[in-house]
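Please read the structure below before turning to the comments.
Each chain gets a letter, A, B, C and D, in the order it is written, and its residues are counted from 1.
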């Protein structure tokens, strides 16, 4: 931390600030200028509130130098993190595609979608079993029964099972069924959930909250790594802004920013990021062009009758066409998307 | 819902839309204009996604008429809700003042603060036991021990105990200690928690999320009332905007807006709303002038050494001076703040 | 400015940064820590882009210490600025009330409104002659004819004439008619206009842009003072956020923030700040409670038929009732509003 | 417009609303439902404020059906607008690249940059002569002398000259020098400027304001077309959000949204959109992948010493490498970027 004293700060005030900083565990480097005295604070302390220092008498400004996170920082693993989850590699040359319906509705429904997305080159299958809905009167998901369906269908097509965990109480049960535990945007700062997930040794996909800064996303990931769980991938899925033509504003610049600040892979979710089906293909292409390590997309054979989020869901034909475009975009940034049909096993 | 067909929509498209709407349970009133056909949809259906209709072929626009909530709407209780919780009445003539430290740190700490805030006219004592912190390396609260302290101190000064519940698993334990279960901004859309709180018959203070619209706040409250728990008060505590001189932007216009749309009482939290101690008094005064039913404020005898949120915490002298100002502001809007010393019992 | 070098920065990089800083006119105080070298930069340079320094090889962070403005800073006039404009004192004990229609529509219209607002205690009369409208097909104002009406009516009731200037080309003409030149939110960063207004010796009311930070508002005011025009008052009128129940979000915390950072008076405009008539009284009261130096409000005898902005315009009865409430709120913060009838002269 | 009456609205209220709507020039289609009466309003009226209707007694809601713009709407020219400006075609198969320094600093500077960007395949040269700066103490541009340099250099390399016009008073002079008059983000709602530009027959590049919705951008363009100037291209350049790691948040979803709503071409400016040099290439690629009709980018041979905006400026080597990447991305979306060297003439 750097503390800049006011032009007129007296020696007593300066000593008070130094005492406080020493108490926090910092070594102090004092630099007395013509107008301002500047205190450079060096140390491993990361738990302090800069505002507390700013409010001390005689202080003009205080700035945190070091980032408030450690384990998720790029410096911790300069080469970047690669997660191998079954046949899916996240953070490597391949752009990982995870697709599927918003909600698991039935085994028939999921099987039909899985067959198509696997054939088109997806590596993972998404499907919600517990649906957090804004209204208490909306469809709330099939629960554990949905997860059993997800597991069976994923095994059938060699797809990675991705599903959202809503509460720390669900974790033990979910570990039996899913390969990647997704933390939704609304739970990005559910610290009880994060702390418990940090104790697992199971991949986690952490979505950015709609009002979370990139720094806050990284701090939430730090909860997971601090607990010992290093198998973490992040996901940009749109932030809330004044523009409401689209449901959210997909912040694609977060992709290169996260890749500079952190070693964790970063995906994009153009379905939630736009909220409108016809905007998903251009934004999916843009995300890959910006360097995304993967995409999470909602796909259904009959979006008009999906039980949730149909408006932002691609149909099977649209998805297959998009996958072909993505292969060309990926090639232009020296990456690839898994070939069509390769993943379909049945 | 009102559905406006495109100028060129043909009869087949119109019939398809009508079929879909009937399937959702609506009665349809069709109005065929020169350019546009308009479909008025009447019914009790509240679980549908307007976007699904907008995407049907031939549809120009679709608008929800009825609000997506029922029980929290003003029409449900035009006279407004009054909550009597021990000596504290929320939603009536008195402006309810709840004050106390961000975190319970020790019995001595809390006793000293409680004595002062009770003497100054506060009706409730706030104190966190489980602290959700952005960084995993920050102080995380005393846990159940903190709640025991809170209970003892509140009994001593006849104050209402207010503390934040972080997860549905904590509810049974917390019911033994606290009078009002607070749901923090980050949990406003933790629907598992809301659903469980809806099953209780215990007052809940629901804070607006930093990126939640007023409608979303009311929908979260609807979860509580839909479960049968009508003892709910809301709290505006600042939204996230581009302005970052203040920690958040306290949206005081939410107070009259909520009072028009809903029968639930609405408080304001100028401590979190500004994040800066010297901005708390003007915004507390402004909230009362705007018609707030109460205030939630952070107070500590030594804010500089508080274990959390000291930067936005008033000291005892500042709090007492503010209470006197609030009495005059309250009088100007035909309300009152409890007299000083009245609440102090010891 | 404070520059923090990266942990591994070598001596050559450090020298390069120092050379650059010296070239910008700074004196450098170097502090070599165990991990980081810190460079404190002292000097009068205020025109530099911090990002340029951050991008130099080996630099971890750079922070501006001094504020980028000088003349508008509180330190320049610690006692605050008071503007006496005819009978209206802005920045003193009185809360200055400026009221009137959005647009001047006719002499009859303005006369009738002026008589009422003067009788209720307003000191200034607002009325637009050039209406900047989002749509090219909306009413665009009466032009110079409207200003002549405004001047005559103000003289009749001893009111201060306030009207918006849209372009530097209009300034000479407007000086003949108006006492206070208002710069609208959309022109807050129209630097050609600001530069020309800086050359005048005529009071200016500068409104905050809907997406302007407080710092940017102060920098725009700096353009005026740098040109020699010190008769400047600021106005908070709502910022754009994700919440769209209200037209804008009135950021009342900007009032105490501006009063700490600057010596310039700050008003609030609850009409534009909320966009809804029924929200104007609570937010007007809140603004005075928060310490506003004045209010700017839209008033019309028949808001439903006003040619612009009727939805946010108070009628005469509502305005008069509000003025009585404001008197009580003002008293609670040790200020006053001019007595009713006092200002009416005719 | 559709007006929904409240459940309890009486006949008198309904008639009052109908009278008002008829007065606005609408034909009314009344639909009396069990609970709600719905009024469908058909007509060519586009200048009305929906809020005025919402405030009438008995009205529950009012919704605008038709878009508030006419000439910029896609329906006006379903095939889209193509602008041929010298050798540059905007809105066709080619992705138009306009590059150059933030400010014209000298003829040598601009010549050197122009030679490089022309050789790399750019069709247009940007260069500011009047620099709107947040601080009055920053470099303000070379003025008309800068435009003369821009003209000479563009002629030398057959590049299209693009420069920003700050005020309607500058238009006649600028027509002598520039091929495309750029309206900056801060002037997007400078309606005096827009109205005057509408009277010209000269291409205009209109940038989206940092707090402007897409609808507002289109309404500003409507000012130009309503005046008779149809040679308009739009530009997304980042909006202001709570995220401040990047200078703005580049809203790439605006590209497909504008292409659906309007026939006007839409470019992207990744330099201003990110504010950081290293984020320009990924976002430039993303913009082309999302379907942008062109790019506007800041390029300088020595960005570290550019007089303005160096932090977001690419150097010549970076620009040339990016152009090669863009060619591959463009091919993936069935478009092309002009070949390297083709444009260099000298």
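In the analysis below, a residue touches a chain if its C-beta (ideal position, glycine included) is under 8 Å from a C-beta of that chain, and two chains touch if they have at least 3 such contacts.
Keep in mind that what you see is a predicted model, and the values were worked out from it rather than measured.
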item	value
Path length in the contact graph (chain A to chain C, fewest steps)	1
Pair joined by more contacting C-beta pairs (B-D or A-D)	A-D
Longest centre-to-centre distance from chain B, chain (CA-based)	D
Rounded Å distance between chain A and chain D, as computed from the means of their C-alpha atoms	31
Length of the line joining the C-alpha centres of chain A and chain B, rounded to whole Å	27
Whole-Å separation of chain centres (CA-atom averages), chain B against chain D	40
Sequence positions of chain B contacting 2 or more other chains	211, 240-242, 244
Residues of chain A that touch chain C when the two form their complex	2, 4, 27, 29-36, 38, 40, 42, 60-61, 63, 65, 240-242, 244
Residues on chain C engaged by chain B in the complex (per definition of touch)	211, 213-215, 239, 241-246, 249-257, 260, 273-274, 278-279, 282-283, 285-291, 325, 328-329, 331-333
Contacting residues of chain D [partner chain C, same complex]	46-47, 49, 51-52, 54-56, 68-69, 132-139, 166-169, 186-187, 189-195, 198, 209-211, 216, 219, 222-223, 226-227, 240, 275-277, 304, 308-312
